[in-house]
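Okay, got some structures for you below.
In what follows, chain A forms one complex with chain B and a second complex with chain C.
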Partner chain A sequence: MTAGVRHNVSFETNNIVLIALVAILYSLFKMATVLRSQCAFARLFAGKTVQILNNSTDLGAKLGPGSQSVLSRKYSNYAHSPFVTKIKEQYDYEIVKKPAEWAFVERLLPFETIPAVSPKESYPSGWIPPKEEAANLPYFIARTKNHEVPIYLEITYRGMRKITKIRKIEGDIWLLNDEIKSYLKEKNNRYVETRVHEIGRFIETKGDYVHDLMQWAYSKGF
Partner chain B sequence: MGSRQITEKSLSMLRSLPRISLQNIRDNPNSKLKNKRGRAQHGGDKHGAGNKGSGQRQNFMRLGYETGNNPFYLRIPQEHYYRGHHLRREYPPLTLHELQRIIDKDCVDTSKPIDIASLIKSGFYNFQPDLKQFGINLTDEGADIFAAKINIEVQWASEQVIAAVERNGGVITTAYYDPHSLLLLKNPKKFFESGQAIPRRMIPPSDLIEYYTSAKSRGYLADPEEISKERLKLAQKYGYTLPDIEKDSDYKMMSERKDPRQIFYGLEPGWVVNLKDECILKPKDQELLSFFNS
Partner chain C sequence: MTSALISAIKRLHISVVPQIRVFSSNAVSVSSLDQNTLSITKKDWAFKPQYTKPREVWIENIDTIEEQKLGLFELHPLVYAASPRIDIIHQNVIWQKKIRFVSWAHTKTRAEVRGGGRKPWPQKGLGRARHGSIRSPLFRGGGVAHGPRSGKTHFFMLPFHLRLNGLTTTLSAKLAQDDLHIVKDLILPTDNPEYLNDLIEKRNWGPSVLLVDDTDYAPRNITVATDSIPHVNIIPVYGLNVFSMLKHDTLVLTQAAAERIEERLLKWLNADTRRQQQAYKLNQV
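This part shows the complex of A and B:
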């Protein structure tokens, strides 16, 4: 009877020991997983930088022995987080000040101002540079910043109303208006309505006369 | 309190009070009437929902349902030529006439190779790489008046365009850029300021390999021997004498090409450009070199 009891007791103790062992092992395993997860990123990238896909941002973290990961890691307390001490330049670079290739970089940088046009023998595209003789006229049409004559077609009411606008007029705008009117009448054999805006320094003509007016402006040297 | 002091008192109170601002003003009381749902015998009838049917029950019909009519969205036949439009590559056009005008106005330097970066820099061409636009389609409008001798790199070109460029002693190449590389070419300054290393250019997708390896389309992956043969063939087809570029004074510029992995002229992948200190950082690390040269 006693033996039976003892046996029983020993079995119970055995059981307890087993359970304790399992618990310790489990906690150890859990600790291990926690430790791993804390430096998951570091493990992922250690010695595997070649596998980073092209065109993705390079983390630049080459984790050698002794170097400390600069990747974000959450500590339970700010005071408990260690000081970052060992950060070294991960990759070896050769720094060249103003190398020969700098000309290629300068070529890519945007213009600070729109470049001035150098005089050429011919302009195959039909673009004509402004002439100096145009300054002697009582009126003047200035070029835009892109070296174009400011004559535009304004289409409104679903294409029902077409108005040609001449902008940037300087000097005697009324004289310019009269000349345009007679020129267009002669060329198209019909009266062309115009509207002068003295303060806005533009003239609007009723109808699409962009081509005619462009030719006229080029002929005057604007 | 005497009635005489009321003005002074209220004025002194006003002086001590905070200034009127948007934070402490409100509407006058009862100035805003809220539309209230009426109750009882005559106020509480229908509340705008009407009498009978779906109006009253507010069980709205499904979208596009026209109470038994053949609905509008089914009345028109399907248009299959739009299928897959969101996956197609787009090449916004630039005509030869426009290119000539840009050259005439000195907005692009013809003494150096022209690529998409220099045409964007001119300000007369623009495109959106994020809208599946893959670069320049140089079109043949103005091919007859085109008279510039250039070394140009575009993304798409027809036979007439190639003939028009080569007739004047120029060189044309068609080259593929992946959208990320195009973004860098669109605004190189912004990319340099970001402090990232210049990436590699990707190879073209499988359906474009044929175009960019064929000498007929002057692909950047084509055999140079084949290209010189095709140049001669095209000259005979269109009836012009092919200028000898080997004897040209600026043969060096004319023969300048980018590496298939290179995005910018003269700058290798892996380099970091520092605009502020005007220096270039070149990697020496073997790991990086092998990555960027692969």
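This part shows the complex of A and C:
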């Protein structure tokens, strides 16, 4: 016998044998559910037209709005409840691919990837776009996927150690290091220690120089 | 001084790039291929390379043992020219080993060792140390305190971006070491494993080769040929992983697979991944 999920709907006949027989017959002709559901012969066994919820038709069920029962019915026995039959969709609908209204749905969907920046005259947020000519330098600081310059302040030891980190460096990292060092020394009138991680492609600067380095990066066009 | 030299070399390299193309097309004509059939693909990515030049690779064929170059092909530097982060590769390998490892080492505690229910000797009066059980961890043949208990999983999840960077850095390392080859497709003229062995020998590919295709279903000849060679394996794109890439000497991607890998990784490198990072995170409130 076909195992299946059972519905919480009852036949009104209590004849166990008849229901078992119907169930066997039904499982044999399961493939042709839709046809058989409109045939009368199964109704003789079941004795009553039954409409199963969830839009599905049971054997002997009459299609149509008149026979549709809305209330869920409790069976006295789980084993005697009928199997879930093949659900026949009774609503009228048509499938439309890419209608004009879909644009409004797309507007609400989250972005797959972070979108590119649309060029403008000025940006009220203060965001500065990268310049084309930066790509001609022997070194480069790539923007992050959020179009920000990857210069960060790392505070550790309860605020006792401040490290400015420049990430995503491409090209000649040592030349970039030399230029940063001389720039920071000139600007702050003191020697600034830096550390270059060539494999990790980042430079760490001892002290909080985020503002200075941002200014420098913008001046270079990164 | 050094940096000035490097920058000088770099500038030199940039100016040379168009000439390299000319040389390479000449090289193709040497390998007895009609120059007209050579396809040179310049790609237009959704996420353009910001600074580093795209990597150029040859498209090879595998329907003859003799290597023929069918075209030139560009690979995105974010995926195929990432920095060789050995630490990230190592983390990925450890993760892949541990994620499915369950330790079955097992010891019995004092409660599980047979016997030892009776007090071995009276508490006082014998001049001996006080003991309540002969299966206490102090006793020879006693239970083990804090020993290994079986069914210990070592599952953990590597952060999303470490998994992502593990793939890019391994692919880049393979390409930089000339261990990554792009082939047009996986169609072989014969299903004889000897043909594949000869091809691998002739091309100087490593004894072990990992073939990656875009589809689940590889052509029949290559599946039959690789079936009897244990060190030549085929996987689909979604099965690509760091461990397998390291396990095999040479990684052979079909052109479609290389593009698909690039597309997927570029998408995730430029996507909002907060939801992916959230999964498997400990201490979630």
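We adopt the following convention: the second predicted complex is superposed on the first by the 120 of 222 C-alpha atoms of A that agree within 3 Å, B and C clash if a C-alpha of one lies under 4 Å from a C-alpha of the other, contacts with A are read in each partner's own complex, and residues count from 1 in each chain.
Throughout what follows, a contact is a pair of C-beta atoms (placed from the backbone, for glycine too) under 8 Å apart; a residue touches a chain by one contact, two chains touch by 3 or more.
All figures in this text were calculated on a predicted structure; none of them were measured in a lab.
S.K.: Touch check for A:L175: first (chain B), second (chain C), both, or neither?
M.R.: The answer is second: A:L175 touches chain C but not chain B.
S.K.: Report for A:F140: first if it touches chain B alone, second if chain C alone, otherwise both or neither.
M.R.: The answer is second: A:F140 touches chain C but not chain B.
S.K.: Quick check on the superposed pair: does A:N189 touch chain B, chain C, both, or neither? Answer first, second, both or neither.
M.R.: Neither partner.
S.K.: Please indicate which partner A:F111 is in contact with in the superposed arrangement: first for chain B, second for chain C, both, or neither.
M.R.: A:F111 sits against chain B and chain C alike.
S.K.: Taking the superposition as given, does A:I199 touch the first partner, chain B, the second, chain C, both, or neither?
M.R.: A:I199: touches chain C, not chain B.
S.K.: Looking at the overlay, does A:K97 come into contact with chain B only (first), chain C only (second), both, or neither?
M.R.: Touch partner of A:K97: chain B, not chain C.
S.K.: Return the chain, chain B or chain C, that is in touch with more residues of chain A.
M.R.: B
S.K.: Looking at A:T156, would you say it contacts chain B, chain C, both, or neither? Reply first, second, both or neither.
M.R.: Neither chain B nor chain C is touched by A:T156.
S.K.: Enumerate the residues of chain A that count as touching chain B in its complex and touching chain C in the other.
M.R.: Shared contact residues on chain A (touching chain B in one complex, chain C in the other): 110-111, 114.
S.K.: Enumerate the contact residues on chain A facing chain B in the complex.
M.R.: 49-50, 54-55, 57-58, 62, 91-99, 101-105, 107-111, 114-118, 120, 122-127, 146-147
S.K.: For chain C, which residues count as touching chain A in their complex?
M.R.: Residue list for chain C touching chain A: 2-4, 6-7, 10-11, 46-47, 50-52, 83-86, 267, 269-272.
S.K.: Going by the contact rule at the top, pick out the chain B residues touching chain A in the complex.
M.R.: 97, 100-101, 103-107, 109, 112, 117-118, 121, 123, 142, 145-148, 178, 180, 188-189, 192, 196-197, 199-200, 202, 264-267, 272-273, 275, 277-285, 287-288, 290-291
S.K.: Touching chain C in the complex: which residues of chain A?
M.R.: Contacts found on chain A: 110-114, 135, 138, 140, 142-143, 145, 170-172, 174-175, 178, 199-201.
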